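These notes open a run of structures that come right after.
Presented sequentially are two complexes of subunit A, the first with subunit B as partner and the second with subunit C.
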Partner chain A sequence: MLIPVVIGVTLITFTIAYVIPADPARAWAGQKAPPEVVEQIREKYHLNDPLYVQYYYYISGLVRGDWGYSHSEHRPVLDCLMDYFPATFELTIWAMAIAIPVGIYLGVVSAVKRNKIPDHLSRIFALSGVSMPIFWLGLLLILIFYTYLGWFPASGRGITPSHTYTGLYILDSILSLDFQSLASDIWHIILPAVTLSYATLAVMTRMTRSSMLEVLRLDYIKTARAKGLPDKIVIYRHALRNALIPTLTVAGLAFAGLLGGAVLTETIFSWPGMGRYAYHAISTLDFPAIMGVTFLMAVIFVIANLIVDIMYAYLDPRIKLGE
Partner chain B sequence: MSDVLLKVEDLHTYFYTYEGVVKAVDGVSFDIRKGEIFGLVGETGCGKSVTALSIIGLIDEPGRIVSGKIIYKGKNLLELSEEERRKIRGKEISMIFQEPMTALNPVYTIGDQIVELLLLHEEGIANIKRAPKELKEEKKKKAIEMLKLVRMPDPERTIDSYPHELSGGMRQRAMISMMLATKPSLLIADEPTTALDVTVQAQILNILLDMKEKLGISILLITHDLSVIAEVTDRVGVMYAGNIVEIADTYALFDNPRHPYTVGLLQAIPSVTEKKEELKYIRGSVPNLIYPPSGCRFHPRCDYMMPICKKEKPKLVEIEPGHYVACHLFGGE
Partner chain C sequence: MSKGALYGIIAIVVIIIVIGAALAVYYYKPAPSKPSKPTSSVSGTFTWDTIGDPQTLDPAEAYDTASGVVIQNVYDRLVTYHGSDTQTIYPDLATNWTVDSSGKVWTFHLRKGVKFSNGDPCDAQAVKFSFDRVLIIGSPQTGVSWILSQFMYSYNKTTGKWNSPDGESSVRVIDNNTVQFKLREAYGGFLPAIAFTVASIVDPKVVNAHGGVQPGQDNDWMSQNMVGTGPYKFVEWKHNAYIKLEYNPDYWGGWEGKHFQYIMIKNIPEVATREQELLRGDADMAYIPINHLTDVEGKSGVTVNKGGLTYDVDMIEMNCRPTYENKTNPLNSKLVRQAISYAIDYNTLLKDIYKGYAIQMQGPIPKGMPGHDDNLFMYHHDPQKAKELLKEAGYANGFTVTLIYNQGNDVRAHIAQIVKEDLADVGVAVQIQELAWPTLLDKMDRGDYSMIIVGWAPDYNDPDDYAFPFLASYQIGGDTYRTGWHNATVDKLLMEAKYEVDQNKRAELYKEVQQIAMQDPAFIYLAQWKHVAVYRSWLQGYYFNPVMMLDFYHLYKGE
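And now, the complex of A and B:
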């Protein structure tokens, strides 16, 4: 399943990029470039060849690690992605690390205390999360925690760690035992991570609540209680493990959603990530960059769903891999 | 006669819903003796299961036990704290349910689910993950013994199976062996055979009889199926719309039913030996328990209705030794 999906994605991004009624050669050459230069660019990048030939060049480039040349950055796309992707990945991981446990916990509390005050509070919280636009929340948080309170910074990734191993600043800070940058990086990531996580957190809460309510009605929960097990064990061992199965699906999809949502968050918090790069690429018609970003996101999406599938088999013995 | 294990006295369990108060159990009294199988029979929605859940203490919101007593071994269970009741559940009083397909947790093996119960009540370890390995192995051996006791085929393998790998009958056996693993005094079986094939039904009933003999437990068997009652119970209570209308020895009940509702139920069983023109049934339908009929709840459907039946609720009176009926026809006055 993995490979056909990835191939499909390359086909679609490639086609869409080329049906857009814009002339990349002219865009790269500049408004005032003489027609010969534009024609030269066309020749150089095979823009005059039939579409399938161009596609062939594109795919063989992808495989060879040549993802094209990013005109907005004046360097290869892959180099740009290597720089920007870790920033986005780090932000997304932190957003997930907030959204999943907190969302599941709130969902459980909400389901267990159904129609009581904790349930109402968590539902209001979740509803505001799904209905509040990310840019608005981001601005609100900046206004409160940066402008008024001055607790958190509003832009950038913080101090660059003394050694770079992975490009993930927090991990690198720990690896290079650079505690000054560690503190600064954590301090910088909090606001954007919270902003990015909120919508997902809300979805996780709602999903967990509804699947917990579903599971709590079932006979095996009655059995667990008839065994005399304490409520905590009934809820977390017997109900939650079953309720997590649908929640997990959402988490997998949410991961991809977060990568997409990162475009806005990164723009608001001047986070030097892939989202901001994609935004610049789109506004400058930097097609290789757009395609590179899309392709990378698709691959990550597929991998995230693969992980979800593996987790399913772990959570639910009825699902066997390879059947 | 004095060997009463559990005594239910004037139990009222109501459900407070948006539509109104559902009086699901409205003044039920009966007792269960040591080592007997007591059957509770009635149509769907007559309050049998609610009675059972009240005894084990699993009535959920919006339900509440409003009044009455449930006296188990001399203690009124309704006066105990939730924590004390929890310690009785699964150890002293156990329960099995109608749907063996859904009554076992799909994500844990049969063995894990039995071991969990043994660890909880024998060692006081609620979280199976915190138990030492040797202890788990020891309990697992005990669980295999229990599976053998209920004649589970290939218990050594079944113990590591997940519920979905077993048939309905095998799951019900696993359920029974689990709920009896702690050697409780009372097993509540709520329609344990309803969801099973007839041949499997007989096997499960035989296992229940067997367990009664071998372990000396009492069983409260809830069913709507009179043939099940006839087959295994020692005494029977007939429930109608939240009330008990008749209690008698099983033989006496089938031989000489007194309450018009019981008579109707027994007549509704199709017979192979006598070909009837038409199947007999009780006219009307089960009343709404939010606004139950006044007086005797059966009066709108009763062929022997008298004016008093609309006004006054009949009391359960002993008309013969051990045979109780709640009907104005047998008022004694």
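And now, the complex of A and C:
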């Protein structure tokens, strides 16, 4: 499945990117570059060749591990992605670590206490999450927790760990037993992670609530209650397990979506991640960078879907892998 | 998922947050929001919240502001400017120099005992190596080497030889502390040009140890690392996040007086975040655009420095070709271009759009730069005169033009609206187009436009850096904006001025060029920006020079 998806995605992105009415060589060289430099760039990067020839060069490079040269950064695309992807990945993991448990918990409470005060509060919270612009929330959090209270910093990833193993600062800090960097990095990630998580958390809450409400009406729940099982067992062990399936699908897609769509959070908190890189690449027609980010995202979406499929089988024994 | 598992996940997240917060409080001390008294003459960190990530740290390829500021502070050049003075060139790595009567042979005597931050000596060989390197590589990504190749012998990549009569490069080593430049052409702007970052002196040993010099190819190591003779040395570059520099204890200029030990240049794209960090004192200086200045102006502990004029200018270029889109192009008429220049309400633009942070641009050469003519004719808002000129040109009933500006530029978006209204008053209909920068450049290159709002910033302090790209024709290597404007007299005068070494004669030549350019305008000269810097009031030693980047060496934290 991975190969056709990746080929399809790269082909479509490549075609769209290259039919934009602009001269990429001019954009890469800058306004002041002499015409002969622009022509040299065109020659060097095969921009004068037909589209299919350029695509051939790109794919053959990709197969050899050469992701191309990022013109906006003057270094290989792979180097850029190795810098930016871990930053975004780390932020997304933390955002999901907040969004999934809190979202599910609020959804369950909301469903169980339907039309009561906890339900209303949870629904207001969820509604504001899906409707609040992320940049506004980010700025609000900076204003409250940085400017007025001074509890958290407003920008950056914190202190670089003494050793880099994965590019994930918190994990690297733990692995290198660098506690000063660990404290600084956790301290720095909290506001951006909360900002990034809120919209997903709200969707998780709404999704869990609606699927819980459906499941709670089913006969096997009535049976469980009739058997005299405690409410908590019925809700969390019997109902939630089935209700989680649609929530899980959303979580999987949201995880992959956050990886590519964290540009606003990254901009507000000056987080050096892939969203900002992709945005800059698009605005400067840095095609190899655009292709690199797209390719990576395609792979991540496929992997995220695969993990969700595996989780289905765990949650619902009726679903079997390989069928 | 069982209840236990769910509680487990929640518990883990809560524990991590609590432990993290506890550790954060225990280990991490935020930057103090009040100035601390420096314990020694070199202490503390200067934190600068700004925008943009350097494209490269290699002076042979760098052509953007974010790169330039780091390069200027880590590398040195032969000559430089001091403080706000743009009129005098001062010694840097060269202590003095002489020039022969032809203006082609320059001899520089170098400062003795200068070392790179790694301890390597900086001598005449390093100077020759650095200049030759720029021309051999030929800046394949940005083309910045044109600044040197316009007056120095170029390198032939195919033959591997220099295009000079004796096959040698322009730079000759006379002895360990003396270099001689034999220029291809005497160039009036030679000294200002070699004060630009492209002429920075690099360490030959370091370059040769990391890939050497390959004709037509960038050096990847040099684009990410630096070893210079300047006051600060490179520590770390986290792309899109920050660049950290540390003072170079062996700097030849010494460390008398107060200076910062570390420099932190943070790339923070969101203006609100920069503002908050400045207001809390976590940033010593921040880039605040003029439309946000009211957020910080008058706030306790914040200084808004409005001294001086930049050389940054805004103009509207006009397509002067006889036809456009297979029709007669009204802008081909000199009278029409004059009319449009008269139709613009400059005072309203300066007041409402530039908020008083600009003056009307007086011709192609900015005020303050050598060659600027203070008495040059300037267009003013005169709709009646504009209508008369249009009538005389045969366009009494007006016509339609498009006006393009680059996406995301709020100032230019507002300029476009005002220009549209102004031109409507004289019967010219304007269709505004907002285009992505690459698309705009493409249209400009192909001459596929009527009018575009454009800007220019200086490379070096010489009128040739403005007059030539604006007014010289494409045939002689000018017309950077592809206006299609061509005036044989101006071409001749510009070439003469370029290679004239008598600065008084040059000034006369540029005066004549500017007069022609104003009578037959290819541009509407809109605005020359004033300088604005925003920093904490404890920051001392700040000055502004329109042709230099921010100088970290003279900054320090006051009481």
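In the analysis below, the second predicted complex is superposed on the first by the 317 of 323 C-alpha atoms of A that agree within 3 Å, B and C clash if a C-alpha of one lies under 4 Å from a C-alpha of the other, contacts with A are read in each partner's own complex, and residues count from 1 in each chain.
The rule is short, and it goes like this: contacts are C-beta pairs under 8 Å (C-beta built on N, C-alpha and C of every residue); 3 or more make two chains touch, one makes a residue touch a chain.
In this text, all values refer to a predicted model and were calculated from it rather than measured experimentally.
Trainee: Which holds for A:147: it touches subunit B only (first), subunit C only (second), both, or neither?
Mentor: After superposition on chain A, A:147 lies in contact with subunit C alone.
Trainee: Figure out whether A:64 sits in contact with subunit B (first) or subunit C (second), or with both, or with neither.
Mentor: Once the two structures are laid over each other on A, A:64 reaches no partner at all.
Trainee: Based on the superposed arrangement, let me know which partner A:105 touches: subunit B (first), subunit C (second), both, or neither?
Mentor: second
Trainee: After the superposition on A, what does A:316 contact: first (subunit B), second (subunit C), both or neither?
Mentor: first
Trainee: Between subunit B (first) and subunit C (second), which does A:241 come into contact with in this model arrangement: first, second, both, or neither?
Mentor: It touches subunit B and subunit C both.
Trainee: In the superposed arrangement, does A:227 touch subunit B (first), subunit C (second), both or neither?
Mentor: Touch partner of A:227: subunit B, not subunit C.
Trainee: Do subunit B and subunit C touch any of the same residues on subunit A, and if so, which?
Mentor: After superposing on chain A, subunit A residues 232-233, 237, 241, 315 contact both subunit B and subunit C.
Trainee: Please give the residue numbers of subunit C that touch subunit A in the complex, ascending.
Mentor: 1-3, 6, 9-10, 13, 16-17, 20-21, 23-28, 30, 49, 53, 55-56, 61, 63-64, 139-144, 146, 216, 218, 220, 223-224, 236, 238-242, 266-270, 272-273, 276-277, 279-280, 282, 407-408, 436-439, 441-442, 445, 459, 469, 477, 480
Trainee: Where on subunit A is subunit B touching in the complex?
Mentor: Contact set of subunit A toward subunit B: 218-220, 222-230, 232-233, 237-238, 241-242, 315-318.
Trainee: Contact residues on subunit A for subunit C in the complex?
Mentor: Going by the criterion above, the answer is residues 20-24, 26-34, 36-38, 40-41, 44, 71-75, 80, 83-84, 97-98, 100-102, 104-105, 139, 142-143, 146-147, 150, 153-157, 159-160, 179-180, 182-184, 186-187, 190, 232-233, 236-237, 240-241, 244, 267-270, 272, 276-277, 283-285, 315.
Trainee: Spell out the part of subunit B that touches subunit A in their complex, as residue ranges.
Mentor: Against subunit A, subunit B makes touches at 56, 58, 86-91, 94-95, 97-99, 102-107, 109, 116-117, 120-121, 126-128, 162, 164, 175, 178-179.
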